[in-house]
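Here come two complexes built around chain A, the first alongside chain B, the second alongside chain C.
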Partner chain A sequence: MNPLSVVVRTICDIFAWFLGIFGAYVIIHGHISPGGGFQGGAVVATMAALLLVAYGGKKVLSFVRPGIYTGMEATGLLVFITAGFLGIGTTFFYNFLAGQGGLFGSVVPLGPNSGILNSAGTISLMNMAVGLEVVSGLSLILIYMFKGIRLFEGREGRSERGHDR
Partner chain B sequence: MKRQVLFVVAVLVVAGVFLGALARIHPFGDTTRAPMDDYYLENAQRERSVNNVVTSIVFDYRGFDTLGEAAVLFTAVCSVLALFREGSEKR
Partner chain C sequence: MNWQMHLPALALAVPLLGAFLSLVVGLGGRYLRNAWMVCVSIATTAICIMLLQRVLAGGTMVYVMGAESWNFTLPSGLSWPIRIIIQVDAFSAFMAATSSIAALAGAFFSLRFMDKFTGLEKFSALYFLLVTGMLGMQITGDLFNFFVFLEIASVASFGLIAFWRDRPEAVEASFKYMVVSTVSAMFVLIAVGFLYGRYNAVNIAAVARMLHMGYAEKIALVFLVVSLAMKSGAVPMHMWTPDAYAEAPAGVTCLLVAVSQASLYGLFRVCFTLYGVTAGSVVIPWTIIIMGVLSMFIGVTMAVIQKEMKRLMAYHSVSQIGYILLALGVGLLSLKDPQAMADYGFTAMKGGIFHILNYTMYKGLLFLSAGAVFYSAGTRDLNELGGLARNMPQTTFMFVIAAAAIAGLPPFNGFVSKLLIYQTTFAVYPLLAVAALVTSVLTLASFVKVFQTAFLGPARKTFEKVVEVPASMLLGMAVLTLVIVVLTLFPGWTLSHLVEPAAKALIDQSGYISAVMGGGL
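This part shows the complex of A and B:
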């Protein structure tokens, strides 16, 4: 797939930053506002799709290293399982950080309130771990499927053409 | 002609079933309260110090389910990588 026109690339330059920041916001504020690791991770992974479509595979794949994504995905799942196992003194997936002070340990007041970012214990940690895993996992799926399309390209003598190559 | 009649009869039957189900649907906003729901709503903020009760259920009270979801995603990514890897049969 070749890069699309300059209009598409300009819009992509604007919206890719917006997607990254908005997805990070949804992941980090998962214990206060609607959303969480899965949703925010999907939003950030949309950035990979946007870049692949707008700039073409050759340019994006030249500076994306899939090994980093693989490591990020394994790290996310390992942090998630470790945070579940660390509360095994009480039960599996016990929230041992909540309300203890320190990291993610602030106590929220009862009733409606505006929320404290440094609260919710392992819920925040697990949101970030799952977000890391979803971002890297969906980006890996997109990148590898894109590579798989290129294996079949030009077999029937036709190739897809974009604008100003 | 026979197939068209059959098609119309099938559509009428399906529409009748759906309309009948719609007439008996549970009214919107009329919640059936269970003791478990009340427990989550009253104790999530005090026990887990989290404002978002939905997140507290997904990641804490029912965290084991979320572990399964994450494992499903990991397995899907692994299978896609195995399917689309560049092997020796590359043309």
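This part shows the complex of A and C:
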């Protein structure tokens, strides 16, 4: 896949930041608004798709290292299962942070309110873990699928050229 | 509070932790990764066996994930269960213990067998995800979570079947399995949707309590029966089994056999516990019986003509699934009639459930021995193999035990369960017993063929340098051989202490319901 024109790349430069921020918003507000770790993670992972399409594979693959994504994946998974295991004093996956004060521990008053971000205990923690896992997992899938196209076309190793240069 | 209350959750949490940590442990090199695989497998098996012990001693166990207390099934002020509930009765625990032993053997076998591959930390992660999905299907008390675990097991198996990435056949087999699994998982999801729409609940006990037959329930039942029979490889939908079983690495095939049993478990849980007598005593039982007879006969006739060792065994697993479907179909047929249940139905179910245990053990062992032959001799083609008994005496010995057990030769364990099935199906319709007997004879014929061509005969020049497989692979096979020998020596004890409680639990619908619902609703 070759890099697209300068117009597309400029729009990608601007737009990718909004994608990242919106995805992070959906992940962090997972427990008080629609969406959550998976949905937000999928939004952030489209950044990888955008970069691959706009800049072409050669440039993206030159600074993306799959090892970093694998590390993020493992971190997300381990945070998730650790949060489950820490509750096993009561039951597995018991929400031991909720309503205790401190991290994610605010007590939510009854009735309508504007949304308290620092609440919901392990649910918000797990949302973030799932978000991290989905971002890295989907990005890895996109990168490997892209590598698959190059294998299929037999163009692995041949130098790429853009449309406009 | 006793820590053993957490056993149902640990049975899922430990293999899940094993899968997630494999990525990290894999950084530490080959020995650390292998040690981790062995530790997690042994821990999972120990947990499942303790679970079985506890359930047999103390009755059905319930576990509510994330609740204030492990048995808090009905949240205060509500009359139906909303949380994720794990429910383990004697049948679930029996299945979980059986499959975890197969998983242990597969893990031992894979340590050295997978040496030729790269990316092994991903292999062990997928392997334990498959174990989690399989155990989850068997111990969940919730229809939607059954679907979730079915998907976890399916997705993990796609990767594992195609692990031999440079073989196009493996990728094709994985793709075929992916299509079949996805279709059947969607069927399950639609069926769960129908039931959820009707009863506002997805808990098996809660739905079973309220269930009365209508159009939506009939559609859901048909979808569930078809999709789960498809996943277990019964005959009209068996086309994925030969490819998937033959192309997966041998240790994984051993586990896939156990996973197909988890789908069978789901089928019987739906028929006996979710629907029970409301499923009717004509259409569904006879559909299952006819599927069983077709699977037995078509599976074995296809197996006899195969020339590739693992493919031949894969067709046999279709035919063995048929025995189990036949036996439990007869049980379902007599569910409404206490007299028939006492006369032949209950014995048929005992035979079927015993056959599940036997089948998982000897089929796993057969696939492992085929993998061992492939590892040493480098081919699975029966036309090329020959005279391997001299080079691989231990593998030959264990293969003979497994082949005798699957063919139903007395005194092996396969004979006991098959005899129970012959006797009881004869009481329903003599032709069924005839079909079962003919199948058994053809099974014997095809395994005589494998034994004779692969292991006996003159030594061949090409296999002069073939040696016995490494010790860890032998250990994996020995685990299953040991179980087969124990089952062969103590069939009476097994039937009365393990199989009978499982069969009783399966027909005890009200006991399953009251364990969650108590007096509520």
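Basically, the second predicted complex is superposed on the first by the 155 of 165 C-alpha atoms of A that agree within 3 Å, B and C clash if a C-alpha of one lies under 4 Å from a C-alpha of the other, contacts with A are read in each partner's own complex, and residues count from 1 in each chain.
Just so it is clear, a residue touches a chain if its C-beta (ideal position, glycine included) is under 8 Å from a C-beta of that chain, and two chains touch if they have at least 3 such contacts.
The structure presented is a predicted model; accordingly, all values stated were derived computationally and were not measured.
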First (chain B), second (chain C), both or neither touched by A:101: neither
Partner chain(s) touched by A:73 [first = chain B, second = chain C, both, neither]: both
Partner chain(s) touched by A:137 [first = chain B, second = chain C, both, neither]: first
Touching partner for A:84 - first (chain B), second (chain C), both, neither: both
Contacts of A:92 with chain B and chain C, given as first, second, both or neither: both
Touched partner set for A:145, first chain B, second chain C, both or neither: first
If touched residues of chain A are counted for chain B and for chain C, the larger one: B
Residues of chain A at both interfaces, chain B in one complex, chain C in the other: 73, 77, 80-81, 84, 92-93, 95
Chain A-touching residues of chain B, taken from the complex the two chains share: 45-52, 54-56, 58-60, 63-64, 66-67, 69-71, 73-74, 76-77, 80-81, 83-86, 90-91
Residue numbers on chain C that touch chain A, as the complex places them: 6, 9-10, 13, 16-17, 20-21, 23-24, 63-70, 84
Touch list for chain A against partner chain C, complex: 70, 73-74, 77-78, 80-81, 84-85, 87-88, 90-95
Interfacial residue positions of chain A with respect to chain B in the complex: 30-34, 36, 38, 73, 76-77, 80-81, 84, 92-93, 95, 98-99, 105-108, 110-111, 113, 115, 119-123, 126-127, 130, 133-134, 137, 140-141, 144-145, 147-148, 151, 155
